[in-house]
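The following blocks contain the structures, represented as C-alpha cells.
First chain A sits with chain B, and in the next complex the same chain sits with chain C.
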Partner chain A sequence: MKNTIIYFIITSIVSPLFSQPSGKEILNLIDKNLAAGTRIMTAKMIISGARGSRTIEFKTWAEGEERAFTEYTNPPREKGTKMLKLEDKLWIFSPSTDRIIQITGQMLRQSVMGSDLSYEDMMEDPDLTSHYNASVIASDTVQGRDCWVLQLNAAGEGEAYEVRKIWVDRERFVPLREELFGKSGKLLKRTQLSEVTRIQGRWYPMKIVFKDMLKAGDGTQFIIETLRLDDPVPENIFSKASLK
Partner chain B sequence: MLAFKLAIKNLIGAGLRTWLNVFVLSLALVMIVFQSGIIHGWDVQARIDTTEWAIGGGEYWHDNYDPYDPLTLDDGHGLLPPELSGLYNDGQAAPVLVTQASVYPEGRMRNIILKGIDPDQKIIKLPSSQMAGDTSVINALIGTRMANATKLNKDDLVAVRWRDENGTFDATEIRIAGIFRTNVPEIDNNQIWIPLDRLRKITGLEDNATYVILKQGITSIPTVPGWIFKDRDSLLSDIESIIKAKSIGGIVMYIILLSLALLAVFDTQVLSIFRREKEIGTYIALGMTRWQVVRLFTVEGAMHSVLSIFAAAIWGTPLLFLVAKYGFAMPKATEGYGLTIAEKIFPVYALGTIIVMTLIILITTTIVSFIPSRKIAGMNPTEALRGKVQ
Partner chain C sequence: MIKFIIKGLLRDKHRSRLPLIVVAIGVMLTVLMTTWITGVLGDSINLNAKLSTGHVKVITKAYRESMDQIPVDLSLTGTKALITELKKDYPSASWVERIQFGGLLDLPDENGETKSQGPFAGIAVDLFNPSSGEAERLNLNRILVNGRLPSASGEILVSHSFAEKLGISINDRVTFIGTTMYGGMTIVNFTVAGTIRYGITALDRGSVIMDISDARNALEMEDACNEILGFTDVEYYDDSKASELMESFNDSYASDNDQFAPVMIRLRDQNDLGGLIDMMSGVVGIVSFVFILVLSVVLWNAGLIGGLRRYGEVGLRLAMGEEKGHIYRSMIAESLAIGTAGSVIGIALGLSLSYLLQQKGLDFSSAMQNATMLMPGVFRTRITPEAWYIGFIPGIIATVLGTMLAGIGIYKRQTARLFKELQS
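Moving on to the complex of A and B:
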C-alpha cells in the first residue's frame, strides 16, 4: 500500500513534465492552429496616443505570410490608401499623392498610420522556429487560461529581438501575450491577444493590442471584425497594378 | 571743362530736383553695397563656422558613406585604418561613427541620427567634453534645434532605441549632458551625439568609424584604401551653391533698385530738355555745336551719379560701418531653415564690388542721360530759341 501511494505521488509529479511538449512543438502547434492558406478580413485599428485616439478601418487579403494586400476604408482621410506586401518588399499607395512608394530603409522604421506598429514589424518573418530556440520556462495564467510561458532566444545573429517571451494557451495553442526584449534585456514591445474565437475549426484571437513600451499611450488595438479562412483570393490582388 | 562747369552750375541751380535724384541714386548704391556685403559676410561666416564646427581641415569618408542617403549608414562604416588611427592617436583627427536610431521624448517616437565622437577631441568646436564624466549612464549632447524639436532639456533622461551591427534592437535611457548652440545645422538637426566608445560598444562596431574629421591646417593627406578624402572646398560646396543662388537673386534686386534710380534720372533729363529749349537755342546761337550741347546735357545727367557717389560716401559709409561693427540681426525663424546662418550677420564689403558698382552707376547714368539728350542734335536752333516745342 505504501509503495502504491509513493508510485502515485511520483507519477503525478513527473508525468506532466513528460507530457509537456517542447518549445518547438508548441510553436508548431501554434502554426498549425493559426496558419491558413488565405485570410480575408475586415478589421479596425484603434490608435491611442497622448492626444486621444483614432480609428482606422481596413480590409486585408493575405496568402500565407508572403503576400498581403490591405486597403484602408475609413476614415475618409485614409480611404483609398493601399499597401502591398510581396515577400520582403512593401509598397504603399496614397490617393492624395497618387503615387506608389516602396517602403525601404529608414522608412521601414516609421510607424504604420501613427500606430505602435512599424512597417518592419509587419515585414518580420513570422517563422519563429527557424530563427529562435524555444523552451518552456514556466506556467502562468493569462485571461483566466492556463498558459505555457515560452522563452525564445535568438538562434543566431541578425534577429530583430534577442529574446521573446510568449504565453501560449495550453488547450487552444493560441498565444495570449508576447513580450519582445532588446539585447540588454529591456522590454521593448508587448502584444496582448484576446477574444479568442473558434473560426472554421481554428482558434483565432480577434483582438490584439500592440504596445511599444518606450512610447506613451495605451498602444494600438487591432480588432478583427470578420475573418474568412482559406477562401480563394484572386491572383491579381497581389500585384502592383491593384494599388492604383 | 566748360561743359563740366556749366553742368555743375545747372545742377546746383535745379535745387531739390537734383538732390532728389542724387539721393535716390545714392540709396541704390548703398543698398546694393549693403546687400552684397550681407551675402559676402554670410558666406565668410558660414565657411568659418562650418569649418570650425563640422568639417575641420577636411574629412575621410568610408567608401559606402553618403550623408544624403540614410540607406548607406548600415554599410557606410569600417574599421579605422592604421593611417587614420595614427592621426587620431596624435590628436590630428576625430573619428565619427554614425547610425540610425529612434528617440522617445515625452513618449513620442522620433527617428534620429546617433553620432559617436571622442569626448576628448579638440578637432571641432563641438563641446564634446560635456559628455565625459559619469559613465553609469550614456551622456549625450544635442544642439538647440534638436532640443527645441524634442523639447529636451539639460539633464533630461530619454529613451533611445537602436539596432546593433546584426540588426538586433536594444534600448536604453541616455542623459542630455549638454545643449550646444551652433550656426551649423548639419551637426544639430535631428542628431544626438554620444561618446564614441559607448556607441561602438552598443552597436558592436568596435574600432569602426563612418567618417574622420581632420585637424585644420593638416598638410599630410595620406591615401587610404577604402576611404575617400573630401577636402574643405568640396565639403563647403553646398554653402557655395546656396550663396551663388542668393547672389543671383541679389543681382535681380540690384537691377530693380538701379532701374528705379535710373528711371528718375532719365525722367529728369527728358523734362530738362523739354523745359530748357530756349537755353539750348541760346547755347547754339552763342556758337556751340549741337553735339557740344548734347555733351553738356549728358555730362549734367552723369554728374548726378558723381554727386550720388559723394552723397553715398557721406551718409552710407557711417551706416555701413555701424552695421559691419554691430552686425545685422537675422530673424529667429532662420535657425530652422537648415542653412548655416548666424544670429547676426556681419557684412563684409568687398572693395572690388564697391568699385564695380560705382562704375556701373556712372556708366548707366551717363547712358540714360545721353539717350534723351540725343534729341537736341535734331533741333532747329531758331525754333528752339523761340521756345517752340519740337
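Moving on to the complex of A and C:
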C-alpha cells in the first residue's frame, strides 16, 4: 500500500514533465492553429500617443505570410492609402501625391502610421522555427489560462530581436503575451493578445496590444472586427496595379 | 636710470638681442594661440546658435527630456501668442519659430515609382518673410550651390551631396515621407528649388530646408513648432545674458506642471556646448600660463648665458662698491625694458598673422569628412580686445622671472674672491 502511494506521488510529479512538448513542437502547434491559406479582415488600430489617441481603420487581404494588401479607410487624412507586401518587399501608395513608394532600409524601422508597430515588424517572417531556437523555460498563468513560457534565441545574425519570450496557451496553442529583447538584453516591445475567439475551427486572438517600450504613450490596440479565413482572394489584388 | 639702461641695451646688442627674439616669438605664439582657439571655438558656438540652438531656446518640458530625438509630437502649440509674449517681455532679443524634423526623401522614376530614397534631417524656417532674417542667419545665399532659394510654397532646398547621392536635379519633384505631430503618416510632394553646401559634413550628408508654412501643412502643426529660438542683441553668445533671460522666463512658468508647458534652455545646455564655452573662458588663462612657464625657463637659461658673458662686468661693478641689490634691480629693470619691447613686437606680429587667418581661414573640411559635431569646415582666428594686451602678461612676467632666477648668482659671489679674479 505504502509503495503504491509513493508510486502515485512520484508519477503525478514526474509525468507532466515527460508530457511537456518541446519548444519546436509548441511553435508548430501555434502555426497549425493560426496559419490559414488566406485571411480577409477589417480591423482598426487605436494608437495612444503623447497628444491623445487616434483610430485608424483598414481592410486587409492576406495569402499565407508572403502576400498582403491593406487599404486604409479612415480617418480622411489616411483614407485611400494602400500598402502592398510581396515577400520581402513593401510598397505604399499615397493618393494625395499619386506616388507608389517602396519602403526600404532605414524607413523599415519607422512606425506604421504612428503606431507601436514598425514596418520591420510587419515584414518579419512569422516562421519562428527557422529563425529561432526555442525552449520551454517555465509555466505561468496569463488571463487565467495555463501557459508554457517559451524562450526563443536567435539562431543566426541579423534578427531584429535577439531574444523573444512567448507565453502560449497550453490548451489552445495561442500566444497570449510576447516580450521582445534587443542584443543588449533590453526589453524593446511587449505584446498582449486577448479576446481569443473560435473562428472556423481555429482559436484566434481578436485584440492585440503592442507597446513599443522606447516610445511614449500607452501602446497600440489592434482590434480585428471581422475575419474570414481561407476565402478565395482575387489574384490581381496582390499586384502593384491594385495600389492606384 | 631708465634712459641709461635703454642706451646700454641698444648699444650692447649681445645683451638684448636673444631675450628680445625669444620674448617676441613667445608673445606672438601666445597671441596667435589665443585668437585661434577663441576663433575656432567661437565660430563653432556661433554656428550652432544660428543653425540649431539659438542663444536661448523655448521648447516644451516633455520635448526637453528627449530633445536628441527631435520629437515633433512633443511640440509647442499656440506659438503665435507665445511669440507675441516673448517679444513684449524681452524686446531686445529676436525670436524665431523653427521646426526640426526628420523623414525620408524619395525621388520617383518616370512611372512615379521609387528611383532612390534616403533619410534626412529637416529644418523649417520663416523663409518667405524677409524681416525674420532667417535666410541671412542661415547664410543661404552664400551656401547655395545650384538653383535658387525657395520663393513659393512647395519648394525646398536640399544639401548638394545628398542631391547628388539620390540623383536629384533642380526642379525635380520629390516626395517627403514623415510623421505628423499627431503621429500620423504624411506623404507630400515638393519641388527642389536649389542645392546647398554648408561645408559641415554632419549637415551635408542629408539635410532639407523648407519654409515653415510648408512644414506646418505637412506635419499638421498649425500654430505650432517644436522650437522657438531667441538671439540676444550681441553677435557672439553671452552666457550671462542668456542665463538671465532663461531664469526670468522659467520663473514665470515655474508653477505650470503640464508636460507641454514652455521651458527655456540656454545654448550651453545643448549639443554639449557647455564644455566648449567653459574651455573658451579658460583658454586665455591656460595659454598665458603655459607660455609664462615655457618662456621663463627659456629666458632663465638666456639670463644664465648672459650672466656668464657679463661675469666680468658684474664682478667689476661689485668690486667698485656697487651694491648687490642695486645690480640685481638694474638687471630686472633691463629685463622689464626687453620684455616690454619684445611684447610689443610679438603682439604686432601675432595680430598681423591672426588678421591674415581671420580673413583667409584654414580649410579643414576634407579632414572632417566623418565629423558628427556641428563644426565649421574653415577654421579662422578671431581678434578680440583681449588679444591686444594678452601678450604682455607672459612677455613681461617671463622676462622678469627669468632674470630674477638667473640673477640669484650675483648674491652668491664673495667680495674676497672677486679681488682675486680681478687680480688675475
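Throughout what follows, the second predicted complex is superposed on the first by the 244 of 244 C-alpha atoms of A that agree within 3 Å, B and C clash if a C-alpha of one lies under 4 Å from a C-alpha of the other, contacts with A are read in each partner's own complex, and residues count from 1 in each chain.
In this section, contacts are C-beta pairs under 8 Å (C-beta built on N, C-alpha and C of every residue); 3 or more make two chains touch, one makes a residue touch a chain.
No experiment lies behind these values; they were computed from the predicted model shown.
Q: Does the chain A-based superposition show chain B and chain C clashing or fitting?
A: With chain A aligned, chain B runs into chain C, so clash.
Q: Looking at the overlay, does A:Arg51 come into contact with chain B only (first), chain C only (second), both, or neither?
A: second
Q: Who does A:Gln110 touch here: chain B (first), chain C (second), both, or neither?
A: After superposing on A, A:Gln110 lies in contact with both chain B and chain C.
Q: Classify the contacts of A:Ile101 with the two partner chains as first (chain B alone), second (chain C alone), both, or neither.
A: Touch status of A:Ile101: second partner only.
Q: I'd like to know which partner A:Glu162 touches here: chain B for first, chain C for second, both or neither.
A: Touch status of A:Glu162: first partner only.
Q: Per the contact definition in the header, classify A:Lys186: touching chain B only (first), chain C only (second), both, or neither.
A: In the superposed model, A:Lys186 contacts chain B only, not chain C.
Q: Of the two partner chains, chain B (first) and chain C (second), which one does A:Arg77 touch, if any: first, second, both, or neither?
A: second
Q: Touching A:Pro21 in the superposition: chain B (first), chain C (second), both, neither?
A: Neither chain B nor chain C is touched by A:Pro21.
Q: Run through 361-369, 397-405 or 415-423 for chain C and report the one that clashes with chain B in the overlay.
A: It is 361-369.
Q: Hey, what residues of chain A end up touching chain B and chain C alike?
A: In chain A, residues 50, 104-106, 110-111, 216 are touched by chain B and also by chain C.
Q: Could you please specify the touching residues of chain A with respect to chain B in the complex?
A: Interface residues on the chain A side: 50, 104-106, 109-111, 154, 157-162, 180, 182-184, 186, 188, 212, 214-217.
Q: Considering only the defined contacts, which chain A positions touch chain C in the complex?
A: By the definition above, chain A touches chain C via 47, 49-52, 54, 77-78, 81, 92, 94, 96-102, 104-107, 110-115, 216, 240.
Q: Which residues of chain B touch chain A in their complex?
A: So the residues of chain B touching chain A come out as 70-71, 100, 102, 104, 106-109, 111, 159, 161, 163-164, 166-172.
Q: Over in the complex, which chain C residues touch chain A? Could you list them?
A: Answer in residue numbers: 62, 71, 73-74, 104, 106, 108, 112-114, 117-119, 175, 177, 179-185, 187-189, 259.
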